[in-house]
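Same chain, two partners: chain A is paired with chain B first, then with chain C.
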Partner chain A sequence: MTMKILTSDPNKCNGCRMCQTACAILKAGVCNPEKSRIRVIEMDECDRYLPLVCQNCEDAPCIAACPKEAISRSYDQVVRTVIDYNKCVGCKMCLNACSFGTIGFDEDRGRPFKCDLCGGDPLCVHFCEPGALTLKDPTMIQYDQARVSALKRTAGMRR
Partner chain B sequence: MTTDRKIALVDLGRCEVETFPVSMDLEQRFLGGSGVATYLFCKQAPKMVDPGSADNICIVSAGYLSGTLSAPLGAAVLTSKTAATGLMARACVDGPFAGQMRRAGFEHVVLKGRAEKETCMLICDGRIEFKVVPGLKDNGLSDQRAILRKEALGYEAQLICIQKNGDDLFFAADACLALSKDVEDMEPDKSGVAQVLAAKNVVALACSGTIALEVKDPEGIIAYEKKLLEGIDEPLTQNRPETDIQDPETIEGPAGSVDLTQIKQTLMQCLGVQCLGLPSGTKNGANGSELNFQAAADRILLNTGLALDEDELKEIAYRCIAMERIYNLREGIAAKQGRTAEDYRENGWTRKAVVKKAKVFDPLRIDDLWSRLK
Partner chain C sequence: MRYFQVNDQCNGCLACVQNCPANALRAEDSDANRVLSHNMARCARCGNCWRICPQEAIEFQFMLENGWDAVKSLELVYCSVCGVPIYTMDYKRTLSEKLGTSGEPTCSKHRDEVTRAAKAHFLKGRSPDMRGGAI
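Moving on, here comes the complex of A and B:
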């Protein structure tokens, strides 16, 4: 069991939406971004795209909001929150509770859906040609960001 | 027999919309995108129509694979007769518009007539509406986008707008990849299609849709595209299929010869793989100038279930080029029209040689256009 986080870099994302299309086909068998577990948000204000997926929060609001205790933390292949469809009644409380808007609702099946990290090997990462999506160890995220920051601060310096 | 794909016939003057399904026969003969658009244009456009008049038609088409995993950003193709050459012309607009148009319920939108005031056409989940937006053309793309998204279709809407900079008109689309969002950095529309739309008082096209596009073999297409992406870093020379190297430079057919490069370009416009998001020449890649017929056939089969081989694909592209040229011959290629006319004649494209029903129209399976193009 490992703890991994799917991170997205808006500076690398080019808005090609391959991740969204691949996810919809894998999970729902159709090309429809509405059925995708990953959403590419276009931000007109700064001309950037930001792919968003379930952050698998430690203190997840969706778990707290579910009246049927259908959402729980799973520790099998990767640490993630999962929906037990045997308990879910499709009340949509989790959709309202999610701070990131990354839980969708399948109207055909009458139930919510969210990213399950494809069991630890997310398909969207394979389809992200610019490398905006990466699956990272959470302890390493701060080092990666610190390195980017350090490089900016030391730009122009030579040994 | 028909498919789920639809054509909308829009009368801008009367604000009326008629819809027709794309027949299986049409799909097999022309695939989609520029192929079906050329057929529809030959079928619908009045003879010797003035490009700036309300009688001229403009067809907005999504590619056959637009919105699928093979072409999530497949180019939208706009076809019309333009004043720039007096002949049929096309403009390709890359970006997510074409895929969104398919999800909004239409493969092809045929625009007829002229709107009374500057109009924005909104396509949303099988419906087509018209919104009068005064002064929209004078705003920048980001302002246009903000206005249209706020007032019309929400933040998931995709747009194609016509923008003016001095005397030049531009197509500005919701951008992706390296496409510029700044009108100063964009190339003016040289095809003249933007002028046709402006003459029809259509200043923007907006799409928003939630209709799911069926995929014939979901697992197969994921595995295929994943393998293709993994092959990007491999050297091109090792992966270039032998069939492409052995290809002749020209394709011969009942209506004369056509360059293989033109066949490939036409096929890309039919499929909507103009902007695939991958560098050209990738392993098995149908992209850029390096369209691989086998890869295109595989993708069509996995996405739609339509089985075509390399020769059939070439035949479809040849048919589309032949239709366009026959239309242009009817509209009058004169010596003064320069290089295009020279090219035609060099390849045996004269009205006397080409416009023959039994020798050309019947073998090309476009005999239903005989009454329109003779």
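Moving on, here comes the complex of A and C:
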């Protein structure tokens, strides 16, 4: 069991969306950015791009919101949240619960999808030309410090 | 909504009851009355009853009507940015009960506004050359 987190650096991202293409082809088999687990959003205010991907939250709102208990934390290859499609009914509760909007919905199958970190070796990281995407393990991130600063930053904008 | 209807010409001969292959029709004699009942779940919609009825009392055409019955009407919640309907009031209540928090309702397109605004706030003023500040 390893804890890994996929981080993105908006200062390096050039908005080529290669990660979206690679992800969609690997996971959905089609070249359609809509089916990608990773999403790149534009930030007009500061002229930057921000790749967004499931953060595998500790207190995941998607797990709390799911009425069928279809989303759970998996510890097999890498710590992540996974959707059990045998239990999922497609109510979109998780989509509306996710603060990042990183859960997508497959209209053809009527089921949501999310990043599963490709079992510990995400393809998008290999395809990221400018090196904005990196898979970090927790020793590289000071979680306690990050939590304190995040709480300080988000104070007052709780949603 | 009653789909199986019998008009006033019925004289209670029970030919339909005898000939229903799905046992969807039943007659009960009680309190000086003969009551004919129809079971929608059993009915195969074969139209046998209508075909054999000597009085032409069975109004089977309502069984074949194509229509939609409204079964529920719920209040909608609209995206606070663009105003498209996203979910219902009850859906929002369920969601906030489960999460313990309730925020501005936003559609998937404008969900990014929150993330974008938060991130842009911290990146503002920094030059693109400056490395670091990864999330």
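By definition in this document, the second predicted complex is superposed on the first by the 140 of 159 C-alpha atoms of A that agree within 3 Å, B and C clash if a C-alpha of one lies under 4 Å from a C-alpha of the other, contacts with A are read in each partner's own complex, and residues count from 1 in each chain.
Convention: a residue touches a chain if its C-beta (ideal position, glycine included) is under 8 Å from a C-beta of that chain, and two chains touch if they have at least 3 such contacts.
Quick caveat, the model's predicted, so the values are computed rather than measured.
Judged by the number of chain A residues each one touches, C leads among chain B and chain C. Within the superposed three-chain model, A:101 lies in touch with chain C and out of touch with chain B [touch as defined at top]. Once the two complexes are laid over each other on the shared chain, residue contacts for A:57 go to neither chain B nor chain C.
Contact with chain B, but none with chain C, is seen for A:34 once the two complexes are overlaid on the shared chain. In the superposed pair of complexes, A:127 makes contact with chain B only, with no contact to chain C. By the touch criterion stated above, A:26 is placed in contact with chain B alone, chain C being left untouched. Of the two partner chains, chain C is the only one that A:65 touches; chain B does not reach it.
Residues 42, 47 of chain A are contacted both by chain B in one complex and by chain C in the other. On chain C, the positions that touch chain A within their shared complex are 86-87, 91, 94-95, 98-101, 103-104, 108, 111-112, 114-120, 122-124, 126, 128, 130-135. Residues 14-18, 20-22, 25-26, 28-35, 42, 44, 47, 123, 126-127, 129 of chain A touch chain B in their complex.
Residues 67-69, 72-73, 96, 99, 103, 142, 145-146, 155-156, 174-178, 181, 210-215, 218, 221-222, 225-226, 229-230, 232, 277-278 of chain B are the ones that touch chain A when the two sit in their complex. Against chain C, the residues of chain A that register as touching in their complex are 7-12, 41-43, 45-48, 50, 52, 61, 64-65, 67, 92-93, 95-101, 134, 153-154, 157-159.
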